[in-house]
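Each chain gets a letter, A, B, C and D, in the order it is written, and its residues are counted from 1.
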Amino acid sequence: MVIRKIIVGVMGGGMASPSDYKIAYNLGGLIAKEGWVLLNGGRPTGIMDASAKGAKDKGGLTVGILPAYDSHQASCYIDIPIVTGMGDGRNYINVLSSDIVVALPGKAGTISEIALALKNRKKVILVNFDTGVLFEDYSKEGLLKDARDEDEVINIIKEEFVLKQ
Amino acid sequence: MVIRKIIVGVMGGGMASPSDYKIAYNLGGLIAKEGWVLLNGGRPTGIMDASAKGAKDKGGLTVGILPAYDSHQASCYIDIPIVTGMGDGRNYINVLSSDIVVALPGKAGTISEIALALKNRKKVILVNFDTGVLFEDYSKEGLLKDARDEDEVINIIKEEFVLKQ
Amino acid sequence: MVIRKIIVGVMGGGMASPSDYKIAYNLGGLIAKEGWVLLNGGRPTGIMDASAKGAKDKGGLTVGILPAYDSHQASCYIDIPIVTGMGDGRNYINVLSSDIVVALPGKAGTISEIALALKNRKKVILVNFDTGVLFEDYSKEGLLKDARDEDEVINIIKEEFVLKQ
Amino acid sequence: MVIRKIIVGVMGGGMASPSDYKIAYNLGGLIAKEGWVLLNGGRPTGIMDASAKGAKDKGGLTVGILPAYDSHQASCYIDIPIVTGMGDGRNYINVLSSDIVVALPGKAGTISEIALALKNRKKVILVNFDTGVLFEDYSKEGLLKDARDEDEVINIIKEEFVLKQ
């Protein structure tokens, strides 16, 4: 019987600013060091590529849920490409497959993942991403949290999963 | 050869305030009167039920894209239940199948539909729904518009589809 | 409240022999004459195109569940294109959305639809399609039936849906 | 950059005969010993459970593409549960995500996976599974092959992936 590792979903834009790219890269590395699995949207760009590279540079395991029809579309830092062939329909699978979702800044794709996660009662940690009033109800419930940086993300995940068990 | 009718997607909460319910009901009726097809998430509740009832009361055609596994889960005002068996994964199909998307107030499910629509370059009309700064870039591009009421929704759709053709 | 029309799914190859094309065309027409809705995979080719054309020539209503990302990929005989953007993943939706499935000869795509229908306890009528021993258990249960031609298909559907109600 | 491991999809019935169960268990072990990844439908039953247990007993990595909405539905021998929430719609993802598909005896669910794999040009190896004439065209093309036992499966995969590279 397997002791299943925590799967941390890291979402964010296909285009990333240098500072967000760096946070995503560092976060991937920290997830790997904790022995957790990194899951993302699998594309070779932006936050997805950065977080996967960070995890691989620290010897982690990376899973990418691809919108594409072919595993060759994956980032070269993805160990396990899951090929859905269903475009952004795969955003739903991204969040259902994550034990917890971390969202760095992104546009409508990332916002859809935050929304689908909250709709399906997954905890979401926003890093450096101001979503305004839109998800206020979920913050009040404690489903949606803010983190300043990658270290605070790791601390929140530990509080949720490690200390509670 | 078919002259295809415009398909208007109407999204919004499974719970609706009386005033939003009334707008959705009226909007369904106006869509029917224009000879357009109403498409929504098909469930027998909130904005979905209201808009479908409004369209049927004016003799319109209604399509519901169900999250459920069984057509018996559909609103009784849906003519064509499309049974996806894929939960909120069907939100992607809702927006791709709509020529234009109208969003009344809702929570994370509705927000995911707005986001998936914009991500996939569908025009979205918000009615009485303040999404704050989150989708500002899409407003600037003209993809996202605001309408005060059901009449303004119809006018915007006519500008987009009827006058441009 | 809507009296929902029976939705008949007609599956079959993207390439069709002239005789299968003719059966599909005639079957579409008979479905329309009964006042039922024709549902198929929506593409402008083979059994899909033939059955939709047959239904439209008799004034029927046609729904196409498209694998594509864009409604422009639909057959011009489809009234309601449902745009899934999920490739053959849509085959599952084809069968769940049909009250009964009719399968004309096809290759692996059609076989996947027969299999998904039977797996999910939908009745399937094969027309001129010998599937060998593969689905024998389902024939014994009465889930899978054979029809010689379009008239026999209509009779079987009536036995299942009209006479039993 | 990751050297991606071959992902072998093992499909087959949720109910398995003792001899098929044993083949699936042994096959999982051999896949693990080659350093390949085992992918299956993830449920705690039949061929899925057997192949995952076999792989874990030899220290392999196992991925399960779940029809369910919740990772708790996975076999306890699955390392990475991918939660699709889309029922048998996930069969399409099973085959797209596999570099090669192995099918042990099963009913309509397994047949749908064979069909979806062949439709999408994935090689399929049947073990002890007589599908009659249905997929004959694909056998002639070399897409569909038969293996007597787990050892022959491994040899065919090596011919396809290792020797050709």
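Some notes on this structure:
As a working rule, contacts are C-beta pairs under 8 Å (C-beta built on N, C-alpha and C of every residue); 3 or more make two chains touch, one makes a residue touch a chain.
The chain lineup, named per UniProt: A, B, C, D = Rossmann fold nucleotide-binding protein.
It should be emphasised that the depicted structure is a prediction, and the values quoted were computed from it without experimental measurement.
The chains in contact with chain B and with chain D alike are A, C.
Of the two interfaces, A-C and A-B, the higher number of touching C-beta pairs belongs to A-B.
Least-squares overlay of CA atoms from chain C onto chain D yields a rotation of 180° to the nearest 5. Chain centres here are Cα means. That of chain A falls 29 Å from that of chain B. Averaged C-alpha coordinates give centres for chain A and chain C that are 40 Å from one another. Listed for chain D are residues 69, 84-89, 92-93, each touching two or more other chains. Arrangement of the chains shown, judged by which pairs touch: all-to-all, with no pair of chains left without contact. On the side of chain C, the complex with chain A involves touching residues 69, 84-89. Remark: chain A residues 1-2, 4-5, 7, 37, 56, 62-63, 65, 69, 71, 76-86, 92-93, 96-97, 99 touch chain D in the complex.
Note for the complex: chain D touches chain C at residues 86-89, 91-93, 107-109, 111-112, 114-116, 118-120, 130-135, 137-138.
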